[in-house]
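What follows is a set of structures for review.
Below, chain A partners chain B and then partners chain C, in two separate complexes.
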Partner chain A sequence: MSRFIQIHLLTAYPPANLNRDDQGRPKTAKMGGVDRLRVSSQSLKRHWRTSELFGQAVSGHLGTRTKRLGLGIYDRLTEAGIKDKNALTWAATIAGEFGKNKKADKNDPLNELEIEQLVHIGPDEQAQIDQLVATLIEEQRAPEKGELDLLRETTSAVDIALFGRMLASKPAYNIEAACQVAHAISVHPVVIEDDYFTAVDDLNDGREDAGSSHIGETGFAAGLFYSYLCINREQLIENLNGDAALANRAIAALIETAIKVPPSGKQNSFAHQGYASYVLAEAGNQQPRSLSVSFLKPVEVRGLIDKDYLTQAVDAIRQQYQGFDQVYGPCADRRYEICVGERLGAMGELLDFVGGAE
Partner chain B sequence: MYLSRVTLKPDIGQNSQLGRLLQSNTYGTHQLLWDLFDQEKRDFLYREEVAKEQLKQHAGAKGEPVYYVLSVTRPRESTPLFTVESKEYRPQFQAGQRLSFCLTANPVVTRDKKRCDLVMDEQLVFFRQACKEIGLSCEGSKGDLKRRLMENQRASAVTDYLCSYLSQSRCFADAVAGHSVDVLLGLATQEAVSRRLIQWLAHNPSRDGLFSIAEQEVEDDDGDREITVPVFQWQRYRIHPLPQKDASARKQQARFLSVDISGELIVKDPEGFLTMINNGIGPAKAFGCGLMLIRPR
Partner chain C sequence: MDYLLFRLYGPLASWGNIAIGESRHSFHGPTKSAVMGLVAAALGIRREEESQHLRLNREYHMASALFSQGSLLRDYHTVQAPDTVGKFTYRSRRDELVIGKDRLGTVLSSREYRSDALAWVALRAEDGVPYTLEQIADGLRTPIFTLYLGRKSCPLAAPLDPQLVVADGFAEAFKKYQPRGISPVLERQSERFERDVLCRDQSVEYCWEGNVEDFGSEGRLDKSQLLSETQHDRLNSRRRWQYAPRQIYHYRTKEGV
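Let's look at the complex of A and B:
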């Protein structure tokens, strides 16, 4: 069985999909001495995790991120006729198992039901909570100590199994991420200087749509991005309590999402614009390595070179992995390539390759 | 009005020792800008930037200073030192127009009839407020207050206060939880200064109603929520020594502080806004402060 699955992607994202910083400017990073556009790995993971495509592919196996666990429990208890004071105490006790309760507030007694930090819980843990609440209602009593071990060391939620979870108050129930995601970096340099001088002409004209002519100059340009994911299949199966079939489903869902869903907020309608143009999937037990070094020297189109960014970037990736193989011996047991420009490969075959990478 | 982009000639900026000398003596370079004009009285605003363009077609190689100059009269087209590109500047604004801006300013506040630096002042104000909320004594200097916040028996109360202060900012509580008190205090102070600077910039009595700071939604990638924050940032808080008129006088060297502000704004009163741009913002205009550059976003 191949322990690691590595995915290398080249995706041209349109400007609308860029990951902005809190100033509204695209995120950037310096690499090889020049500024590149960057999409943070947190942003990529969030958009993959919350995309419709991923949700449908692994429906029933997604976790919930919440601070308001206690409120739901409280509501169920009071609806079932439990006295308000008891409902409050019991719900706060259960919520407290998942994180530190917020401070009691005289004006808002329900405040105590919330916890300070988000907790990411799986469907099995949620079922456990529901079961306990039902018991409490039936037996009209407070939860006992032995009943409060509600957290699990493994999970049935693929998003938790893939991206891990951190519990500040209960580190024993942390789950180590089985999937590493690199920040996506443009293969070419970008100009991030705000050009206030050129903009004077537009300001003088007083045009309503002024600014559109600067799209290329202010860093809002579209970019061709290199992204990299590394999935540790063994870790994933372990996180999923040995369920290899679910692990395979999760891997296939994640990779399809990574290929098709760009970081565009909730705008799923942009998805079709963000398909990867090149995919290299690798399976093997070798120590993983990213191929970002292919773009240490930025891809630049200069003079009369008869190649665009994409063609050059694909060449660079191929050169790099072949170079690694030659020097270090094969860095993967098997590979599968998709290159849209060359009409090479097919999505179905790629998913078979990664899903059944045994 | 005229807006000009002024750069050192390549022969000087890149190929001569004079270029290096000028780069290490920015105040001297500032004075040289006077050579662009004939008049005795200063009727221009300027702003120094360091060129960071990566493409060759832009003026100014990487790392060299670039000056933007807004003047009443058209500057000379060329001097032995500088290359000057000028454009007539007559921007037409509409109410509701959204613009990106950047500004180097010297924000001050008057306390006890003395001008104090606003950033310094806000640090003191914020520390006092925090001490008060947590139930500590509010007496003493800024250093005393900070020490009191860092070293007391109620560390968790301090952490809670700072986290809840930060939870409504672009530093999300989820993201900052787990940091040490000094990191939290640093972030919270930065946020407090940011709020105070916005107040100074957009709601100072002389400017109130001309424009407002734009807002945008920021995604909290860990918390799956969105929060509205002002598009506003401050950085490069710097001390500039001024040349001493009389070196023998043993006075403390004169200096001023500047801060770089950038963000997005929404024009409310087009006419008043234009007057403000032309006149400049805040003190220290002779020293490169007060020129607000704008562009459509």
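Let's look at the complex of A and C:
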């Protein structure tokens, strides 16, 4: 089995302000002695794990998203001979732990059992609910406060398993992140530009003052980013209580998200959407290393008019990993590439490669 | 005496200094706790294996050669998190943001990084150590846990290229270490790409613990360039994050030793 799965991405964004510093300007870093555009790893991870795509990709294999949790509990209680009124109250109480109960409705007594929003129930939580319901049936009593608190204190959520959890006050519950994410860095030098903008008052008819009613400045820059992530598959499986199938789902979900989901900073002002144009996946037990050194010398168009930044960047990555392999011996056992410009590779095959990297 | 040498290179590194409150500072070069943490990760030693970490920190002695301390990068960082309500525990980050939506607040922190940093590390082992230097070298080639330069978001960007050498003192060990290039392709174009791009002033700063003599080339050291300093990175307890002071020598030179 391959312990490490490394993903290298090249993603281009048009003028945007993806990730801001305390001045509101795009974040930067020096690499190879010149300024680059940067998106911090923290920012990337947050947008990935809170994205719709990631949530949906793991939900089917994590548990169930439902508003109807209480209805199932009610059915089990009444089937076991619990009085209708008790069953209704107990089920509503348990469901209420997972979300706000819907308003009571005289015409539809079961309405209260539903909750307002979809809630995502993990398999381990469902098991705890089932056990609590069984206990209530056996002991013919209402759930007690302490029993309800237990419901959310379970681990093995995919996002925790991938990105870790640190609780300074309860270190026993710490979980080591199985996924390492580097700050994304532009492959070329950047100069942050300022967008001087004005906002005009629609109702100003210009009789007294024809000027704008607000002026401001926003920093922005366009960039082709190199990003890198490394997943320790063994650790992920361990974090997920040995569930290798779920680990594979999580890996595929994360990688698809990393390819498709942009940081959302100032998304409505710049509409920067973009899928990665190049993806290299590597699997093996060898010491992981990013390929950022491909861009230590920034890509340039000067003298290479027939090649754009992207083509040069892809060339640089390929030369770099081949160079590493030649000098240090193979740095991965297997590789899979997607290159949009060359119509090479396919998303489905990539996800099979990383998801089933036995 | 046997020495194990390896190289630390990545576009970003962060060598944790004493951090109180919202500012997380970085040393200018690799700390012993960070390096031994990396070695422990390579060997598959878990964070809670306290005694193993203490042995690694006490029974191996470290020196570093800093070719480029990199430029200082201050990263402004915000964390959105809900405050705690009674005994309720959020099950995941997603829960914090979805269920705790009404209670979300922002925590500010500022983290320091070093960009374009390049260092070599030399380790010397005492007798009866739990892992031989060969075993550590193997671990670095095929690590059990993910390796990083002080922070998880700072991956290695080149093979560590661990090599064992026999030398009389750290200085000679560094001289014998012959790491292969980090930019094999580009190096054909320029003789020493790393030196040209990363180590512009062509000077090296050596740091080591122990005595001046441990460095080994005492006769040739320009004493006016020798500095002794106390650094709080000798591990006392991994679990409680306690570090004790450690005496460090710094020697900066243009020529190399």
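Following the convention adopted for this analysis, the second predicted complex is superposed on the first by the 223 of 358 C-alpha atoms of A that agree within 3 Å, B and C clash if a C-alpha of one lies under 4 Å from a C-alpha of the other, contacts with A are read in each partner's own complex, and residues count from 1 in each chain.
Following the convention adopted for this analysis, contacts are C-beta pairs under 8 Å (C-beta built on N, C-alpha and C of every residue); 3 or more make two chains touch, one makes a residue touch a chain.
Computed from a predicted structure; not experimentally measured.
Engineer: Between chain B (first) and chain C (second), which, if any, makes contact with A:4: first, second, both or neither?
Structural biologist: After superposing on A, A:4 lies in contact with chain C but is clear of chain B.
Engineer: Is A:352 touching the first partner chain B, the second partner chain C, both, or neither of them?
Structural biologist: So A:352 meets neither chain B nor chain C here.
Engineer: For A:324 in the superposed arrangement: first (chain B), second (chain C), both or neither?
Structural biologist: In the superposed model, A:324 contacts chain C only, not chain B.
Engineer: Is A:182 contacted by the first partner chain B, the second partner chain C, both or neither?
Structural biologist: In the superposition, A:182 touches chain C alone.
Engineer: Looking at A:50, would you say it contacts chain B, chain C, both, or neither? Reply first, second, both or neither.
Structural biologist: both
Engineer: If you stack the two complexes on chain A, which partner ends up touching A:144: first (chain B), second (chain C), both, or neither?
Structural biologist: neither
Engineer: Does chain B (first) or chain C (second) touch A:35, or do both, or does neither?
Structural biologist: The first partner, chain B, only.
Engineer: Just to be sure I read the superposition right, which of the two partners does A:235 touch: chain B = first, chain C = second, or both, or neither?
Structural biologist: In the superposed model, A:235 contacts chain C only, not chain B.
Engineer: Have a look and say if chain B or chain C is in touch with more residues of chain A.
Structural biologist: C
Engineer: Please write out, lowest number first, the residues of chain A touched by both chain B and chain C across the two complexes.
Structural biologist: Chain A residues touching both partners: 22, 40, 42, 50.
Engineer: Chain A touches which residues of chain B in the complex?
Structural biologist: 3, 5, 51-55, 58, 68, 85, 87-94, 100, 102, 160, 163, 170, 173-174, 177-178, 216, 218-219, 221-224, 229, 231-233, 262-264, 293-297
Engineer: If we count contacts the way the header does, which residues on chain A are in touch with chain C in the complex?
Structural biologist: Within the complex, chain A touches chain C at residues 3-4, 21-22, 27, 29-33, 40-42, 49-50, 55, 120, 122, 149, 152-154, 157, 159-160, 163, 165, 171, 174, 176-177, 180-183, 185, 228, 230, 232, 234-235, 285-293, 296-297, 319-320, 322-324, 326-328, 331.
Engineer: Which stretch or stretches of chain A touch chain B in the complex?
Structural biologist: Residues in contact with chain B: 22-24, 34-35, 40, 42-43, 45-46, 50, 65, 103, 116-118, 168, 189-197, 199-206, 208, 210-211, 214, 265.
Engineer: Which bits of chain C are touching chain A when the two form their complex?
Structural biologist: Where chain C meets chain A, its residues are 9-12, 42, 47, 71, 73, 75-77, 79, 87-95, 97, 113, 115-116, 140-148, 152-161, 180-186, 193, 197-198, 200, 239.
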